[in-house]
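Pasting the structures here.
Common to both upcoming complexes is subunit A, partnered first by subunit B, then by subunit C.
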Partner chain A sequence: MNQPTPSGGSRNVQMARSMCWHCQSEVAGEYFCERCVKVQPVSKETDYFTCLGLPRRLTIDPAVLEAKYYERSRAFHPDFYLNKTEAEQAISLDNAATLNTAYRTLRDPVQRAEYLLDLEAGSVKTIRTSPPADLFEEILELQDTLDAYRAGDHSSETGRQLRARLEAERGALERRQAEMEDELQRLFVEWDALQDRGEADGQARMERDRLLRRMRELLSNRTYVKNIVNDLVETIG
Partner chain B sequence: MARIVGIDLGTTNSLVAYMDKGVPRVIPGADGRTMVPSVVAMTDHGLLVGDEAKDHLLRNPDRTVYSIKRFMGKGLADVQGELAYFPYTLTEQGGVIRIKLNGKTYSPPQISAMILKELKRRAEAYLEEEITRAVITVPAYFNDSQRQATKDAGLIAGLEVLRIINEPTAASLAYGLQEKTQGTIAVYDFGGGTFDISILKLKQGIFEVLATNGDTHLGGDDIDRRIANLLLDEIRSAHGLDLGPYPDHMQALRLEAERAKIRLSDELKTLLTVELPDGRGRFTRELTRDQLESLVADIIERTLAPCRSALKDAGLAPEQIDEVVLVGGSTRMPLVRRRVQELFGKQPHCHLNPDEVVALGAAVQADILSGGTTDMLLLDVTPLSLGIETMGGVMSCLIPRNTTIPANAKEMFTTYVDGQTGVDIHILQGERELAKDNRSLARFRLKVPPLPAGVPRIEVTFLIDANGILHVTAKDMRTGRQQSIEVKPSYGLSETEVERMIEESFKFAKEDVASRKLIEARLDAGSLLAATEKSLSEGGHLVPDDVRTAVRAALSALASAKEGDDVRTIRTRMAELEQAAKPLSVALMDDSLKRGLEGKKLSDVT
Partner chain C sequence: MAYSDKVVDHFNNPRNMGSFGKDEEGVGTGMVGAPECGDVMKLQIKVQNDRIVDAKFKTFGCGSAIASSSLATEWLKGKTIEEAEQIKNTDIVQELNLPPVKIHCSVLAEDAIKAALADYQKKAGSKTGTGSAQ
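Then we have the complex of A and B:
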């Protein structure tokens, strides 16, 4: 597929604007050229929010998200491009794949938050999972209990006691995970409010950094706790 | 736009359907039957497919292939456990099973292509137009190799496969079209050789698959085998006889087991009869439905774990499923219906013919692709996680199972040694931690410019298209140049091999057509000869001598042409005979008219 690069003249045009790959007329973020009606590739720079036609906000109504996803699936799905040129088929395939990834990412609150952190503050792949500071001691102890349970005889009195302790821990940790997810939701609301105010002063910047930092910390702790819960579920069933 | 047909290429039976003014219909054969048994026989008189081939299961068991779908996209090691059940010889070449028949070897896609050609012919005869494009269904749980093998089969049969679509989702399209359903549905598809479960959400014409699961090696075949093994054991202990060395009796026993199973879906008990070899009489046994149910309970049980996994992946509890749809012949068993009803807590739907619903759905999808149906859209998922092998033989997942397709994942590769010129990549599909426990799909070598370690940056894109088939592309991020990749499939035919098979298939197609024309010409000549002989003996006395002589000469000329194998000579001699015999037929007609009028008054005639 041959994709013409914008010529020098179009540099003056806003960043979001580019040219139709087919008729070279200007397209401004729409997915279909106004002049030749050809499908336009979702640009690499387009974030998942834009891809689904949503503002970059963390609180998303699942019904709205789904409606947008269905609407755009109808626009991009390869099923509807069988009679079109090979170039259009290739664009439809890429667009549909990107759209599916965008939907999958934004549908899940945790993935959505990770994605936003990635957009705002760089790669989340570098986030190391870490235990919540207040749970550090407790988790060390839990690991010992787990080891003891795994090594010992499950039907013995000690085995039963260990199992009961692990079950209690599992309940506590699951509650903790739910709390963290609730807090994440509250941070979503705070983040969205800050964005809506659109202030750019020093205080707003500090607030922004604080929210991002806290989200990052929460995600890191939550993943840690979740891994332990999975471990527990696997061991005690 | 040329018509697209929908094909259900099944383990036991195959069907072809089309969209007739917004209504999907299955195309019947000349005999009115809609199902073509997926059986291919290489007889001394040529290739037979379908019902005719099924007759040869007993007469030529070693040259008659059934259940070929079980071998699609597989290597010999995959089917080691069931080799004993198949009377023909299986070998392997290039990771692909080959079947030896009449001294020639065939790959499973070639055998499947023979079935597809039969369906193509059937559709062409019925619709009176050439058919070159099709949607073909596969089990939802088919992996990449099995899908690719199905696509290859289409190509070999002279069909452009516009879409590979999953059987349970196809069924949901047929149901959805009829009922305009909204909500969540579970499609339980238990066929001849495979089991699938798919959970879908239907909303405003969008059919979104939430999760799918299954077992591509579990079906009615396994139930038949269980019954057959019971009979074999009993024959062994009652008669001291092992039927193993008698392939035709083994087949007869297998077919009797299948028929008994089918009867027990309506009856509470049935009688099985097996003829024994060498004039040792027959073995009979009564089988009750209760006995059958306890005999195969564990097989039915094996379908329930995938159902639970699919529900879990969809994030739904059984009671959140609004409707359960049954697909596939094996769902006719009362035990299956009971188990499904217990699991989901509601009466399953089965008012569309479970044998036909998949083909009907394929026709609906064909209509969507041709632009006829515009309000429906199917969003399917990939059934298995896709990944690559990383250090230490671990699989690193790139696209998790139940991801909506098309789906893509990009991965950046670099080098660990200065001047390294290639990176070997091993693509896997499956849910296990270790690479060796998953299905190997393909391997390829990424070409890298010789540079210091860590400097090259090659981005590889793994794209699963709407057919569930993987495409790999690579791009050098430093130059921005696209790199072509030659992927070597682990269990598939190479492109050149497929091309050769397509060519062969066309060559055979010409031979097939030629031999069919010859057979027809001979038949026609035979009936013309007989009819003319009859006329000559009845009305020879009515015509002059020279006419009789000319007719006799033309008769013997045609008789000798009929012995030859030139279609045109036969047709020419036939025309000559008809010409020579014209005075004779005129005379005969006059004579019968005259005799009809004898004894009648003139007033009766006018």
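Then we have the complex of A and C:
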């Protein structure tokens, strides 16, 4: 039972993935060996899109995603492995865990985009965007107003004025967050279209970089806005 | 979440909180954020004769981020630009006893120091006319 470790070169991993851990025959099917019908481990290198049998696209129909998830969940459910060998039980459990993480990540558009950025551009930090100074100033100023409101008498005239200001800011920031999420959806469509065209020339590369950068920027700014909105909601309800 | 005594102290009694006018003479402003957690940090230095005579900060974030920037302003005061450039995030980690999950707060503080110094130098450079005339 010569299960090769995934620490070898990428060529080794490729070979390991296509060979059944049990009967050593080639695995053509997705998760089961066609010859001995043993469940196969999902490689740690498999990305979440592949794991769920989806193309690497950002626009995902939730119904399709759910269907794929259930279909695979059934295949790996520990209940079906009660009478199997320990090795098979362990593999099914691992696969189920990976599948769950994959589903949770891809189900949420923001997490999905973060994940794709990780896949496409390495870690988050590799795409450097200049910090949004205006937004930062706004957040820090708003924090001062929040502090003043928290420290003061809420029923006083000043307290009421501060509260009205915070409520207005909250509305504006929530609208901004919604706008960012809308733009993110538009970028999803653009990204997918670029992938579908499958071009690899200089212009396509530039377009790819532009989209990744803009998505990175939006996701970061959205986190900043979301944080201060959370604080606002906590304080003024 | 157990903060060290020093973090709690800086959090409860932040040193040098506030800001200078951006266009004030000798002021350098560093504005940085951590997109992973949404923390925002603004750190400013006031320089006279190549020495940092005052420093201020404003931070929107967790206790460790506030403590890191508060400590940074304390350390900056009285230092020359060159000395200030030597401040490392690991110094902050050590002083505040930050746990591994909070190391990024100290990195943010170091980034803020660097950004403030760079901003000061850019302004100082353009004033003496050695930089571009814009």
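Keep this in mind: the second predicted complex is superposed on the first by the 205 of 237 C-alpha atoms of A that agree within 3 Å, B and C clash if a C-alpha of one lies under 4 Å from a C-alpha of the other, contacts with A are read in each partner's own complex, and residues count from 1 in each chain.
Basically, contacts are C-beta pairs under 8 Å (C-beta built on N, C-alpha and C of every residue); 3 or more make two chains touch, one makes a residue touch a chain.
Predicted, not measured: the structure shown is a model, and the values here were computed from it.
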item: First (subunit B), second (subunit C), both or neither touched by A:78; value: first
item: First (subunit B), second (subunit C), both or neither touched by A:25; value: neither
item: First, second, both or neither for A:185, with subunit B first and subunit C second; value: neither
item: Which superposed partner A:59 touches (first subunit B, second subunit C, both, neither); value: neither
item: Subunit B versus subunit C as contact partner of A:136, first or second or both or neither; value: second
item: Partner chain(s) touched by A:227 [first = subunit B, second = subunit C, both, neither]; value: second
item: Contacts of A:219 with subunit B and subunit C, given as first, second, both or neither; value: second
item: Subunit B/subunit C common contact set on subunit A; value: none
item: Residue ranges of subunit A touching subunit C (in the complex, touch as defined); value: 124, 131-133, 136-137, 139-140, 143-144, 216, 219-220, 223-224, 226-228
item: Residues on subunit A engaged by subunit B in the complex (per definition of touch); value: 66, 70, 73-74, 77-80, 82-83, 93-94, 96-98, 100-101, 103-104
item: Subunit C residues touching subunit A - in the complex, by the definition given at the top; value: 31-33, 35-40, 42, 58, 60
item: Interfacial residue positions of subunit B with respect to subunit A in the complex; value: 1, 162-163, 203-204, 206, 365, 368-371, 374, 377-379, 403-408, 463, 465-466
